[in-house]
Each structure stands twice: as C-alpha cells, then as structure tokens.
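Okay, so subunit A shows up in both of these, paired with subunit B first and subunit C after.
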Partner chain A sequence: MSSMALYQSIASGIVSGCVYALVALSVVLIFKASDVVNFAGGEFVMLGAYAGLGALTFLEVPYGLAYVIAALALFFIGATFNKVVLDSVLKRAKHGQRTLVAMVIATLGLSYVIKGGVRLFSFTEEVRRLPSAFSGPPIFIGPVVLQWQDIAIVSISLALMLALYIFFQKTLTGKVLRATSQNPRAAALIGIPVQLMQLYSWGLACAIAGVSGVLIGAKLPISPDFGGPIMLLAFAAAIIGGFTSLPGVVIGGILLGIIQNLVGITISSTAIAVTPFVVIMLVLVFRPQGLLGGRHRIKKV
Partner chain B sequence: MYGSVSLRQLFPLLALLLGGFFIPMFTNEYYLYLGNVLMMYAVLAIGLDILMGWAGQFAFAHTAFFGLGCYTTALLNIKFGIPFIVGMPIAALLAGAVGVLVAIPATRMRDIYLALATFAFAEGMFWVFNTWEPVTGGSTGLRIISSNVLGFKVSNDVTAFPVSMSLMCLMIAAAMYLSKSRLGREMSAIRDSEHVAMSCGIDVRRTKVIAFGISAIYAGVAGAMFTLAQSFASPEQFGFNTAILVLTMIVVGGMGTLPGVMIGVLILSMLPEVLRTTMRSFQIWQELVYGLILILSIMFMPRGIWGSISGHLKKRELPSKNAKSI
Partner chain C sequence: MKINRLSQLKIFSAFFVAALSGGVACASDPGVTDTEIVIGLHAPLSGPLAAFGQDPLQAAKMWYEDVNRRGGIHGRKIRVIAEDDKCNANEVGALARKFVTVDKVFMINGGSCTASVVGAQEFVNREKVPFVMLNASGDPAVFPATRYVFGAFPGSQGAIGAGIMGFAVQGLKGKRIAYIAHNDEYGASNYGAAKAYADKAGAQIVAYERIALSITDVTAPMLNVRASNPDVIISAAYPAPAVLIAQKAAEYGMKQPLVQAIQGIPAPEVFAKNVGNNDALKNFYYSAPVNDLPDGPKQIKWLEMYKKAYPDRLVPSVFMVYGISSAMVVTTALEKAGKNLTRERFVDALETVKLDSGIMAAPFEFGKGRRDALRAQSIFKFDGVKSTLMPGFYTWDGSTTSPK
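The block that comes next holds the complex of A and B.
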C-alpha cells in the first residue's frame, strides 16, 4: 500500500467521520437529556435529507436555506415525539420503575413510522441524491485530493460543533440544559422546567441529525432505508467516545471514519460494513467507559 | 403459585399436540403454513421472553442464535445428511454454547450497554451470514432440502405441521417447568432487583449466563423449525427486522408471562397476512402499522395486552409494589 493511498483514505475518513460525529452527537444529546437511546436517530438523518431535498426541488430555495428548513422540520418532529409519546410513557411508568425498554421500543416504533411515512410519497421510490452544494475543481493538499464538497462537510460540521460548544458552555440555556441532564431532580428543585428542557434537547438533537442528513445526502444516495447503517455508525462513534462525553463523541466519530477507511484498504472492502460492530464490541468489552469517558459511573438502583 | 406444574396446566398442551396430528387432515395448506410460521415465532418469542421478561436482560442478540440454529440444521442436513432429530439438538446446543460465550463478557454490562453490545453482535452475525458465501450461500440464500424426521420425509407445510407442533409443545412445557423451578425464580429475582437477589445468595452472573444460554437454545430450536417448512433461508430473515418483530410480540402481548407472549405471537405473526390481503402497498403499511402498534401499545399498555387483562381481572398487588414498601 502506497503512502498516498494511506493519506487519501485518512483524509476521506475524516470527512465521513465528521458526519458520523454529528449524528452521534445527536444520539448522545438525547441520551444525556432523557436517558433514552434513540434508535430512530438514523431515520431522523434520512428525514433531514429528504426535507433538504424537498426544499431544494419543490420550493427551489437557496442551498443554505435547505439546512435551516431541515433543521426546523426535525426540531419540530423531535420535540413533538418527546412531548406526545415519551412524556406519556414516563407518566404511566410507576415511580422508580425502569423505563429503558419502553423508551427504546418507542423510538423503534418511531423509526418504523418514519420509514413507512416517507415511503407513502412516491417521490421516494427512486434512490436520489442531493445536488452538491459546492463545486469547483478539486484541490490538492500534498498528495491528498479533496473535493470542495468534502471541505464543506468538514467545515460545516466543525462550525456546528463549535456552535454547540459555545451554546453549552456560555449561554444560560445551554447551562440549564447541562444541569438538567446531569441531575434532573436537582434541576427541578432550583426551578428549571425539566420537561421543557428535555423537549428542547430532543428538538436540538433532531435538528442536528437533520442538518447532518442534508450534508450526507450530497455524498450518499438517499433512500428510505439509508438511515439504519448511519445509526449503527453513530452508535459506534458514541461508544468510542464514552456515550456521555460530547468531545469524546466527536473524536470517536472521526476515529471511526479513519478506522473504517483503513480497514477498507488493508483488509477488504466487504469488511467495512462489519467494522462498526467489531468496534462496538471491542470497546464495550475492553474499555466500556470509552476513550474519553471518565470512571464508569454505577447508577444506584 | 410455586411448586410443580399440575396436570391441568399441561392439558391444553396435550390437546394442542393431538391437534398437531389431526389438523393437517382437515385444513388447506395456506393455514398450515401460517400455523408453522406461528409456532416457530412462538418458540423464538418464548426464548427471548426468558431472557428479557424473566431475567430482565435487555439483549438484542436473539436473531443471531435463530440464524445459527437454522443454518446449522440445514447445513448438517445438506452437507452430511444428518437427520433432523440429530441435527436439531446439535444446532440448539451450538446456539446455546455461543449464547453462553456471548453472555460471559456481556453480563458485565447492563442496560443500554448490554443492548448495544448484543445488537452489535447480532449485526456482526448477520454480516457473517451475508458474506460467508461458500457456506451460507450469502445474500442469494440457501436452498433447504427436505429433512428426515424419524424416517418420515418432511418437505412441506403439511408434513412439517405435526413436527413443529410437537417441538412447540415441548418447548412450552419446558418453559412452564422452568418458571416453577428454582432457576426460574432466581431469574425473576434478578429482574426485580439485582441487589436483593445478590443479598439472597443468588449467583447473579451465573444465573444471567444460564438465562442467555437457555434463551439461545430456544432460538436455535426455532431456527431448526425454520428448516422444516421453508425451502429457502436468506440472511434477511435473521436480521434486525426479525429481532424487532419478536421484541414487538413480547412487548405487545405482555412481557414475562407465557399467555401474554402467545397472544403477542398470535397477533403479530398474523398481522402481515391480514395487511397483505387488505392493503395494496404492503411494505409501507406494514412499517407504519408496526410502528404505530409499538408506540401506542407502549403508551397505553406498558404491561402488554395480557398485563392489562389480568390487571383488570384480579386487582392483585404487584410484586414490585411489595418490594417498594419494605
């Protein structure tokens, strides 16, 4: 293997890793806010891609607005699901009863509803692709060839991550959201509307998933089924990062992208598909707290 | 409640068993096909329920063992001509052994980490079924030849029906005995509270590993049952969608109760047939209807259909409620 192929595959690993990291951020945000592992995460991405595609083809909006439309649509859907379904599940659960299985099943149900709902539109029968947002001759950085599209993906993801960081560290709403996810009961005691904050978290997380859908839709063919594999990659990225640490998740996503590409050029291209599962199992068995996760916290029953 | 299984409780099973031999004489092949599918799912769902509903372990690896059982039985038959009556136990034990191997690292995890690790394992196995072409036939599938059950050739729904029925009755009876046994009660204790179970002297990890193994054996038997009536195995049948289907069955019916699981199996294995005959665009509606059923049942019947029925019939105290008041 030449070193050129190596650099090239690392570079394109970083590009796809950025998108994995975004989707994983959405999964982890939801997990931190409401202790729900969102199995519909991939479907939110798929829905975001279709929202962007719909806005571009039917409303003929400029490309930048497509991101906004996808984000807003997904914010609304995520918040509604949280309000209508999850609140009701929580309300019916007896005090102290574990709701993990119920929540996961609710999100699985949602993923089926979204897939079936999207298929209702005959527009989605054909596999489609978003037009690329940025075109131009590819640029060369040393031996590495990069498309403008790839650079756009990386920079938009990084900008979004930076915005999230500032939001969570500097703004009051962000701090309140963090407080809610760290200890909902204590947050409620000091007057934070916990349920509303969970609603915001769900909305925000789904909006991120929606934007990453528009980003990834320009690289991968979109079909109603394309969310599933993305969700797996997001889970793997989240687990590498420790499932609760946001910076860890970003690193996990990028690492996963690189690992996948390296597996592709060193072992075989069919092994790419199995990489996330192997990564999930290895990390969970040997380092369950993830690369950046602190000590494994044991939740008291 | 505890003690041994009474003869009265076994009576419905005996009736079913007899039915297994006589029903094929009167019904047409389509109903027998539905019956075979239903019985296979029943064994599969009871196996998952032993792990999830009894032992409280949220694991997703069930379809991997299902596939393992199916491919092992079929391949033993195809490559070595080993009859079903020998191949099925081998497949079940192999599934059980792999289940125990998976359980040893997996039982160190809990909750969502367990779910994700087993989910990854199941997807990994799916990948193996899908790519190991020389053995499993890959994504094109594996043609299953007719099996030899005690000298009888089983190749279609009519001949498979009594065999499936016998196997299902056997597995249900085993589950009934298990629920009365010390092991079964230890599993329920772990589900209700691991700490309390541990302080009562229950070896929590050992019991969890055994629950994984038993559950995998059930899945392996279901996989073997798959080879009886079906003539073709493709990896999709052992993928994520099947895992969700079985999960839906036990959640909608009522987790942790045999009648509940059977209700769930009955409703959800017949649903695709009903949808197929009443709706035109089958796939869309199947997904939408499944999704809605999952969401609505978890919203309004968190303990499943059977849980709601039995809760209304006898307003008995929940065991978990007793535990809380201590």
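The block that comes next holds the complex of A and C.
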C-alpha cells in the first residue's frame, strides 16, 4: 500500500463519514427528543434529495432555494407524521402501556410508504443525481484529490453538528427537548408542552434530513432505494459515536468511513460491505454506549 | 346394423389418418385448437421494477397482433392472456400454475427479472409446459439447461462479460485488464465468462474488484484499480456505482478506456447527467445487446411500429425491443413446429431455432443443451452527448471459469 493511497483513503473516508453523519444527525436528533429510533431516516434523506432535484429541474429555482424547499417540505412531512401517527399511537395507548415499540414500527412502515410513494413518479425510474452546487476543478492537497462538493459536505456536517450541540446544551428550547425525552411525564408536570416539543423535534430533524438529502444527492446517485443502505451506515456511525451524542455521531461516521476505505485497500473491496457490521458488533461488545455516549445506561423498551 | 371386418378397418384407418393430419392430435395439448393458440404472457407491470416489463410486454403483444393480422400461424390466431408478475418469484410461480391449470395455455412467454423467472422453472419442467422468457437474462434459469425453459434474449451475464472483455482485448488491444463487478451471482457469472475469454486471448486480469450493490464510496476499489496500472478498465456495475466509478476514474486522472456493461447504463443521457462532467467520458464505451441505437437505421422500424401501436408511449424504454425479439422467436418456433402442434414438437422446434431478428447484436440460437438465445454484445462509444456504434459484435463461446 502506497502512502498516496493511504492518504487518499483517509481523506475520502472523512468525506464519506460526514455523509453518514449527516444522515445520522437527524436520527439522533429524534432519538434525543423522543426516544424513538427513526427507521425512516434514510427515506427522509432520499425524499429531501428528490425534493431538491424536483425544485431544481421542474421549478428551475436557484440552488439556495432548493435547500429551503427541501427543508420546509420535510419539516411539514415530519411534523405531520408526528401529529397524525405518533400522537395517535400515544393517545390510544392504555394507561401504563409501553408505546415505544409501536412508534418504532410506525417509522418502519413510514419508510415503506415513502419509498412506494416516490416510485409512483416515473421520473424516479432512473438513477439520478443533483447537479453540484460546489463545482470547479478538483482540489489537490499533496497527493490527495478532493472535490469542492466533498469540502462542502465536511464543512456543513461539522457546522450542523456544532449548531445542534449548542442548541441542545445552551438554549432553553434545547434543554426543554432533552427534558421531554428523558422524562415526558415530569416535563409535562412542570408545564412543558410535550407533544408540541416532539412535533418540533420531528420537524426539525426531518428538515435537517431534507437539507442533507440535497447535499448528499449531489455526491451520490439517488433512487427510491437509496435510503436503506445509507441508513444502515448512519446507524453504524451513531452506534460507534454514541446514539445520544451529536459530536459522537460525526466522529463515528468519520471513523467508519476511514475504516471502510482502509479495509478496502488492505483486505479487499468485498470486505467493505461487512465492515460496518463488524464495527457495530465490536462497539456493542466493548463499549455499548459508543465512544462519546457517556455512562452506560440500561433502558427497558 | 352389422359392420363387417373390412368396414371396421376402413373406419379405423380413416380415424388414424385424421389423427395424423391434425384433426384429433391438435386437441391433445391444452391451449391449442383449430383456430387459436393461447399464450400466457407476464411481466412486471406494477411495483418498483415495472419499468423492466411494461414496454417489453406491450411489444410482445404488438408482435403477436401483427402475426394475427398476417393470417396467424398455420391458420391459428394467437390469443394472449397478460398478467402482472411484479418481478416476484412467488408471483411468477403462482402465475405459471394459474396459466396452466385455469387458463389452460399452450405455453408461457414471460418474465423480465432473473430472480423471478426461476420461480416457475421447477413447475413448468414438471408439467412439461414450454416457458420462453420475455426479457430476463435469466442466468440461473438457463444454466444448466432444462428442457422446457428458454431465454436470455438480451444475453446472459456470461455473454455480457465475454462481450465487454472481447472488446477490451480485441477492440482496444488491452493486455492488462482491471475488472469491477458486484459481489453477487450476476457479478460472478459475468466475471467467469470474462476471465475465460481473457485467458484464451492471453490477456491478464490485473485487478478484480468485487463491490457491494449498495456501495456509496468507490475510493478503495478505484485506488486498487489505479495501483494495478491496467490498459483497460471494465465495469459490470449497476447504475449508481457505475456513475461513481466513472467519476472517480476521472478524479484520479485515469486516462485508460472505461468499458461499462449495459446494466450500468440503461439511459446514456441520464448517465452522462449523473456523472456531471463529459470530460470523464472522453474514453468511455458501453455494451448493449442490440444492433443499433434506438433511432438508428436498423432499429427505427421497430420504434415506429411501437409508437404506432401505443401512441401514449412515444419514448419507450430500451428494453422494448427485447419483447419483440422474444415473441418473434416464439412465432418462429410455432411455424417450425407445423400444423400438428404439440408442446413437445414446439420445444423440439425451439431447439432448432436460428434466427436473425434484425434487432439484436447477433442471431439467436438454441440447441440440444443450450437455452440462452444470445451470445453477443455490440459496443457503443459515448462522449456524454452522442453514442456511436463500434464495428462488429463480440461473441461468447460459452466458456466460463465459474463453477457453472
């Protein structure tokens, strides 16, 4: 293995890792706010990518507006799902009945609904890619080649992570959302509108997924099935970094991206696909809470 | 009334002659009468893979209707019962049972997806019902050959692998070849035939990268390819990874020719848009099983025929002509089987079919132990805007290094 290949693998791994982290950020955001693991996270990203592509192709809007359209559309869809489906699950639950499993399964159902819905449009029959907003000749950093789109993905995912970290740690709304997640009943007792907070967090998480979709869709070809595989990688990133830690998700994603590439050039390309699962198992065995997941806590679901 | 021994002999002889001439024999197999032949036709018409089947099925129906307009086959008209199989193996198996037991069809002409056509294989062989695939390449259903299943009109993965390797070695004079394929049965099949071809031609495969269908970063495989310093890069990847491979090759400044198998580039103009940089396609080629571009002089006739039959589908998929090819082989074999049509005679006739459809890269051919129709690929050069047909076509001799 040449040093050139090593550096290139690490650099590209960081970019891919940030892609996984972008997807994982929205999943972790929902998990932090409502304890629900959102299995439709990948589909929200896919939907965001198609919303952006549709806005650029059919409405011919400027690129910046495509981000806004994708974010607003996904905010609406996420908030509506929370209001119409998840709230109903909560309301119908009998006293003391646990609803988490039902809510998680509802997200799984939603992923199929989104995929099926997108396939109704013949435009999605072919694999598509968004035009790159950050085009130009490649950047050479020593022997390493990167595209402007790669730099944008890394910068935006780091910025998003930082913004969300500050939001949850420093702002009152962020603290309220965390309180809602940790103990909804206690939160309600002190006057926090729990359902409204969860609606906000679903909307916000889905809006982030929408923006991520537009960003990622300019790097990776998209199809209705695009969300599933990338969701698995996002889960792996979240598990490695710690499912409740936003910085951990980004670090987990970057580590995963680098490990995959190193496995690819040192062992074989075939082994890349199994790498995330091996890493997940290792993390679950040796550090179940993830790298930045804080103290180990057991919660019955 | 008493019938003497001579009269009995005359009556018996009359029945015997009548039976031989078809009057009685034609009723011996279901789905055939004096006036019609019933064919069960199926393809995915709904669901995520509907794009593979809608146009081929309509094209096959169009061909059968055209044959009927020209008087049918030996005086019989073809009646088609069309169904949606959703590209699902269970659905295909259930449809085969329905066609045979409820609709009493003579034969089945269907299937657009390899994974689904195997769903009918065991049943049709047990019931001795001829099954001619529509547009599935169907490798597991034609290798090894079984008596009643015929297909691979767009070429099997073996034909594709050998076809693109043939072009890399003969057309581009490559000696050191890098091969990228998926880590599934498709990938193994096309690589097996490509490797066998390279071995015979004295070329060396210097890198063989097996990638997952869901791969999102091709950095590692492309670094491995670059390190192997090939003369030609071959990709048998599907559309999304194929885009990433073309982009990455350009990003790493790899000037070698890149030859992409048909499965990665169903629509060249969309592929170019996805790659996003026509400079990345300066030395780019792709394979296809047809003899010309859809609007080229050899294909325009079929496109016009289809547009006339289905004015609501003015831009059919590239798979459309495969449906005509399959139906054309069915009607050719029905002609050859003669007036006394039975399933066994039809299968025997299929085995002797050698047909230049005027659509595909090379003539179709079956044989005693051969059930894959097409063993050749054409190659097109594509610069991101225009496709140009390269001269000749590249054939597979059936050799493979895979266990099959």
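Note that in this section the second predicted complex is superposed on the first by the 297 of 301 C-alpha atoms of A that agree within 3 Å, B and C clash if a C-alpha of one lies under 4 Å from a C-alpha of the other, contacts with A are read in each partner's own complex, and residues count from 1 in each chain.
In this text, a residue touches a chain if its C-beta (ideal position, glycine included) is under 8 Å from a C-beta of that chain, and two chains touch if they have at least 3 such contacts.
Not measured: the values here are computed from a predicted model.
> Have a look at where A:L100 lands relative to subunit B and subunit C in the superposition and call it first, second, both or neither.
Touch partner of A:L100: subunit B, not subunit C.
> Is A:V127 in contact with subunit B, with subunit C, with both, or with neither (first, second, both, neither)?
second
> Thinking of the overlay built on chain A, is A:S9 touched by subunit B (first), by subunit C (second), by both, or by neither?
After superposing on A, A:S9 lies in contact with subunit C but is clear of subunit B.
> Is A:Q147 touching the first partner subunit B, the second partner subunit C, both, or neither of them?
second
> Between subunit B and subunit C, whom does A:A273 touch in the aligned arrangement: first, second, both, or neither?
both
> Contact-wise, after the overlay, does A:A24 reach subunit B, subunit C, both or neither (first, second, both, neither)?
neither
> Classify the contacts of A:V263 with the two partner chains as first (subunit B alone), second (subunit C alone), both, or neither.
After superposition on chain A, A:V263 lies in contact with subunit C alone.
> Which of the two partners, first being subunit B and second being subunit C, lies in contact with A:Y112: first, second, both, or neither?
First partner only.
> Which subunit A residues contact subunit B in one complex and subunit C in the other?
In subunit A, residues 115, 119, 228, 270, 273 are touched by subunit B and also by subunit C.
> Give the list of subunit B residues in touch with subunit A in this complex.
Residues of subunit B touching subunit A: 52, 58, 105, 108-109, 111-113, 115-117, 119-121, 123-124, 127, 131, 193-195, 240, 244, 247-248, 251, 255, 281, 283-295, 298-300, 302, 320-321, 324.
> Would you pull the subunit C residues touching subunit A in the complex into a rising list?
47-48, 51, 183, 209-212, 214-217, 219-221, 223-224, 227, 239-240, 243-244, 251-253, 266-267, 270, 273-274, 276
> Which residues of subunit A touch subunit C once you look at their complex with the stated criterion?
Result: residues 2, 5, 8-9, 12-13, 15-16, 19, 115, 119, 122, 125-129, 131-132, 135, 138, 145, 147, 220-221, 223-226, 228-230, 233, 257, 260-265, 268-270, 272-273 of subunit A touch subunit C.
> Provide the residue numbers of subunit A that touch subunit B in the complex, in ascending order.
By the definition above, subunit A touches subunit B via 31, 37, 85, 88-89, 92-94, 96-97, 100-102, 104-106, 108-117, 119-120, 228, 232, 235-236, 239, 243, 270, 273-274, 276-278, 280-281, 284-285, 288, 301.
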